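Structures incoming, each one as structure tokens.
Paired with subunit B in one complex and with subunit C in the other, subunit A is shared by the two complexes that follow.
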Partner chain A sequence: MPIDAEGVAKSSRVFHRDPETVKSVPIREQVLELEARGEWIAQRVPEPYAEVANKLGRAKKIPLARTWHHKSCGQCGHIPGYSTSIFWLHRKLGLDYHDPRDQTSCTAWNYYASATSNPTAQAAVALRNFAAAYESGYFPLIHCATSYGHYKEVREELIGSQKLRDQVRRIMDMMKKPMVMPEEIVHYSEWVHAVRDRIAARKVLDLSNVVATVHPACHYHKLVAEDAIYDPDIYGGQRTATVTATLKALGVQVADYSTWFDCCGFGFRHILVQRDFSRSFAVQRKIEVMKDEANPDVTVTHDTGCVTTLDQSQFAARAHQRRVGIPVLSEAQLCALAMGAHPYRVCQLHWHNTDTRKLLEKMGIDHEARWREFEADVARLKRGEIQFLGWEDADV
Partner chain B sequence: MGCDTSKYAAVPLAEKLRLFEQVKADERFSHGLYGCYECGVCVAVCPSARFYDFSPRWIAQALAREDADLVYKFMNEDVWDCSQCFSCDKCPRGNSPGGLITILREVAVRNGLKSAKDALEGYGRIIYKILSTGTQVAPDMLQPNAFPDWGPHVKEISENLEWWRRALPPETLHTTETSWEVSEQTLRELYLIWYASGVMEMIKEVDEGLHMILTDVMEEKLEEAGFALDATAQD
Partner chain C sequence: MPATVSTAGSAQLSDRDRVAAEPAPEQRDEATTRRRQVVGAAERRLHAPEKPGAGRNSDQGQSETAAAELSLIWRMTGETDLVEKLAQGSGRAGRGEED
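And then the complex of A and B:
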């Protein structure tokens, strides 16, 4: 029998965070203090925004609209239905966003993989992107958990070091760009969390028979951990609430498993050039444990590397009769599917490795018909009838 | 293996101390190391400790004891096993072994240690991609010879790449060589960052050939943009 999230919460102490008991100076106040000293511009979260509690119980502002989408290399490159679903949700909820071309990667995947960079370069990359967002009038919404975690690291380093701020300022001056730090650093899954009830109100599928496990992304809840979202109603406030709260709002059965805290095995360098480690870890410490303890229909996560590693690692394990075969989706894709998004035009599930068809059947989606539609789209592209598939084609 | 430093006995202590001083001089060092309770939490949560002869506790303790022999050994071997997941930030003392390892790796790269070159062998194409295009992985990297263990689905993607990218509704994703469309001006600004922050010098230390290729790509564009290369030199 899978252990469900409610069971864990009922049998455990509930942790209500109290910001009054926290000794450290809140980061946001330090960002504003540096603005007051003329060190940088603190870009304010635009209205409308939601306020949710972070790990320390402090209110974190989550912008709902006018968001500048800081895209993810791995999502856009290898699992493009992830990014597409995030945009699709904004469009369906009628929330204004900007998909920029003056954005670079945070470059942290390379930094954590190879160390061929340094704090000055990393901070300059971050602030160049933040300046681009500021100049557009839109507020950064960060798709990748590594970008989110790394930018929080960079923010701490910049706050703590005048020398680093001066080094970065010199580079920003050469680019004729302002020093900008957003008032909050916000991950897209926090946006999904903030609008989960709106998504749930628009769902067209019954997901009550779907069992899901959740993999919380390391760089979301372990790196500068206090800024992640927690809720006493989710696992007694002992684990981050993002993803789990969203699934529960959708009516999905969330099942627990013992290695929830373990990473996925991504390893940054390992996933690209030393995948024996990534495969072994993903299969033996995550997928098989989920299979044995919860036997879910899907595992859901909120980061690039986690979807990649957990999904792609299962193929080779099949040859060794390992206990694999769990589809891996981001919560953005699952939300989109629940709201009636096309599994191939929007969620782009053909880029995933582990078979999703049984899951789609359980959700009541006719995947054969939807695939035929997508194949017809590709045929139109090949015949030159259309140059690209646009948003107007995605919901036909 | 483990904490045996005999392999590096011939390296002068002065050289080991020189590198260790660079580690200690990093502004992040003191914030990543506050001591050690020897509780083992960092090892218990560490994915690399399960599959390698690797321990974040050894590394934190060697740094805390200022054991230059052991730090040198770790800098040359163990640090490249780390997954950089930062699970070890769970340390009750407030240490960040993963963050300390980031510093050790940077010093290894900056000094062109052979171990860093070996660890990054085969990784050069990734460095080229991120530094020159501004996105880390690209759709055209999905080739069967690069990811044979991901099965035939990679071949299917590579064969349909052009069409499947065109079948993506967001206009910025119709690319195959980059993850999304990055403007020319943005790329020039990124190149400026690499030059002005010393990253290009780090690349030269670990891969001269790659440095030459990147220089060819970047310098012309920087000059076109009116960024004077001599002005980018670090203070």
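And then the complex of A and C:
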């Protein structure tokens, strides 16, 4: 029997956050303290930035521009329209960013798959990438929630262990790179959250008849949980506000479902070592529950693994006549579509498995015309007239 | 494997490895200058040409410096099997199932 999720969420209790009553020392202060002791450089969040409240009610700074984009292996490899949409939004909003080549994988998927479990290597990779961002003069904005959550855990380890810092310092010295820890570790969806009103002001589509469910990414709100963004106006401050607040700003109807807290099925490790479990979990604990309780037009999430797992798992389930067929998008793609981005040139929905055409129709997008345009692009590529699509093809 | 970075661990690097892994100061200066030049002039490409390991939004995927530095980190922390896989261009160093 489904849980009355709406009833549970509409509690009369009001939860007041008072950061003064929290006993733990804020992470930012610990990062700055280690800088004062000469342990590392704390890269400051550049102006302009927004301040948002985290789970404990403390202010978190979100840079709006001068961001160094730490890209995601899974987005670049499986759903490239995800990261392209993030860049497109920056360009449309006129916010300066840097898309660097000087970046490694965060190696966290390797860590979860037991291929590397060495904390020194993990921490050195994080600081190597932070140093690369610092040297460029831009501030890290992390596309992948796995990287984001993993780097936050690494930050905790580094703050707590002098030995680990010393080990990493020797590696950084070998690379002739400085020890750098950003003042904040920021996920791209926090940036989207911070600019959601600007995005809403530029939207060209009416999304008021679109019903969406939200899957909050575990790596975002369960690792170093106090650092995630919360807002009393979103589910009474009992769930992270990231994604949901953005959808509400866009005028989307956000529908609830009882297994919202459950993992998408990716499971940090399961998709890598026990994929059949991931597929079953994604379908039976998430997609079918959403279908039964909310029947949304789309489910929206904010992580590489969540988009791919929720989307790709529906493929096998179709063969078993399961109740699937919910398109899965990142909120970055939905925001870009709402602002008029091309569904194939920019958002690259053809990489997604579950059919998105009905959703596009409901959003008022002529997907047949847009597909013909994209096919014409492909024909030009085939004839060798162009070697790649450029931003001018994406209308920015 | 113990997670330690010792002098002995560093000493296991041959001179050749060190040269390969560690960019010369002038190369690093050049790379920094180049990075600063592209700052503000975001890359033109939406989709990079198909190339193993290439990020689709950056011009040509991960830089050689980044790859070399990742290799150095793994060498210095005893993850030598990963170094071999990186050298072979394998994107799947995990021990999980493949499908």
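As a working rule, the second predicted complex is superposed on the first by the 378 of 396 C-alpha atoms of A that agree within 3 Å, B and C clash if a C-alpha of one lies under 4 Å from a C-alpha of the other, contacts with A are read in each partner's own complex, and residues count from 1 in each chain.
Here, a residue touches a chain if its C-beta (ideal position, glycine included) is under 8 Å from a C-beta of that chain, and two chains touch if they have at least 3 such contacts.
Only a predicted model underlies this, so the values are computations on that prediction, with no experimental measurement involved.
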Joint occupancy of subunit A by subunit B and subunit C, clash or fit: clash
Contacts of A:P119 with subunit B and subunit C, given as first, second, both or neither: both
Partner chain(s) touched by A:F388 [first = subunit B, second = subunit C, both, neither]: both
First (subunit B), second (subunit C), both or neither touched by A:M175: both
First, second, both or neither for A:D96, with subunit B first and subunit C second: second
A:E135 touches, of subunit B and subunit C: first, second, both or neither? second
Of subunit B and subunit C, the chain that contacts the larger number of subunit A residues: B
Which of subunit B and subunit C A:N110 touches, first, second, both or neither: both
Residues of subunit A at both interfaces, subunit B in one complex, subunit C in the other: 71, 76, 80, 83-84, 87, 99-105, 107, 109-110, 113-116, 118-121, 124-125, 128, 132, 167, 170-171, 174-175, 177, 272-273, 275, 345-346, 387-391, 393-394
In the complex, subunit B residues that touch subunit A: 27-28, 31, 45, 47-48, 50-52, 80, 83-87, 89-90, 102, 105-106, 108-110, 116, 119-120, 122-123, 126-127, 130-131, 134-139, 141-142, 147, 149-151, 153, 157, 160, 163-174, 178-183, 185-187, 189-190, 192-194, 196-199, 202-203, 206, 227, 231-232, 235
Complex contacts: residues of subunit C adjacent to subunit A: 1, 3-5, 10, 21-22, 25, 28, 31-32, 35-36, 38-40, 42-49, 54-63, 65-67, 69-70, 72-74, 76-79, 82, 93-97, 99
Interfacial residue positions of subunit A with respect to subunit C in the complex: 71, 76, 80, 83-84, 87, 91, 96-105, 107, 109-110, 113-116, 118-121, 124-125, 128, 132, 135-138, 167-168, 170-171, 174-177, 272-275, 345-346, 387-391, 393-394
Subunit B contact footprint on subunit A (complex, rising order): 71-78, 80, 83-84, 87-88, 99-105, 107, 109-121, 124-125, 128, 132, 149, 157, 160-161, 163-164, 167, 170-171, 174-175, 177, 218-219, 222-223, 225, 261-263, 265-270, 272-273, 275, 277, 279-281, 285, 312, 315-316, 345-346, 348, 350-351, 353, 374, 377-378, 381-382, 387-391, 393-394
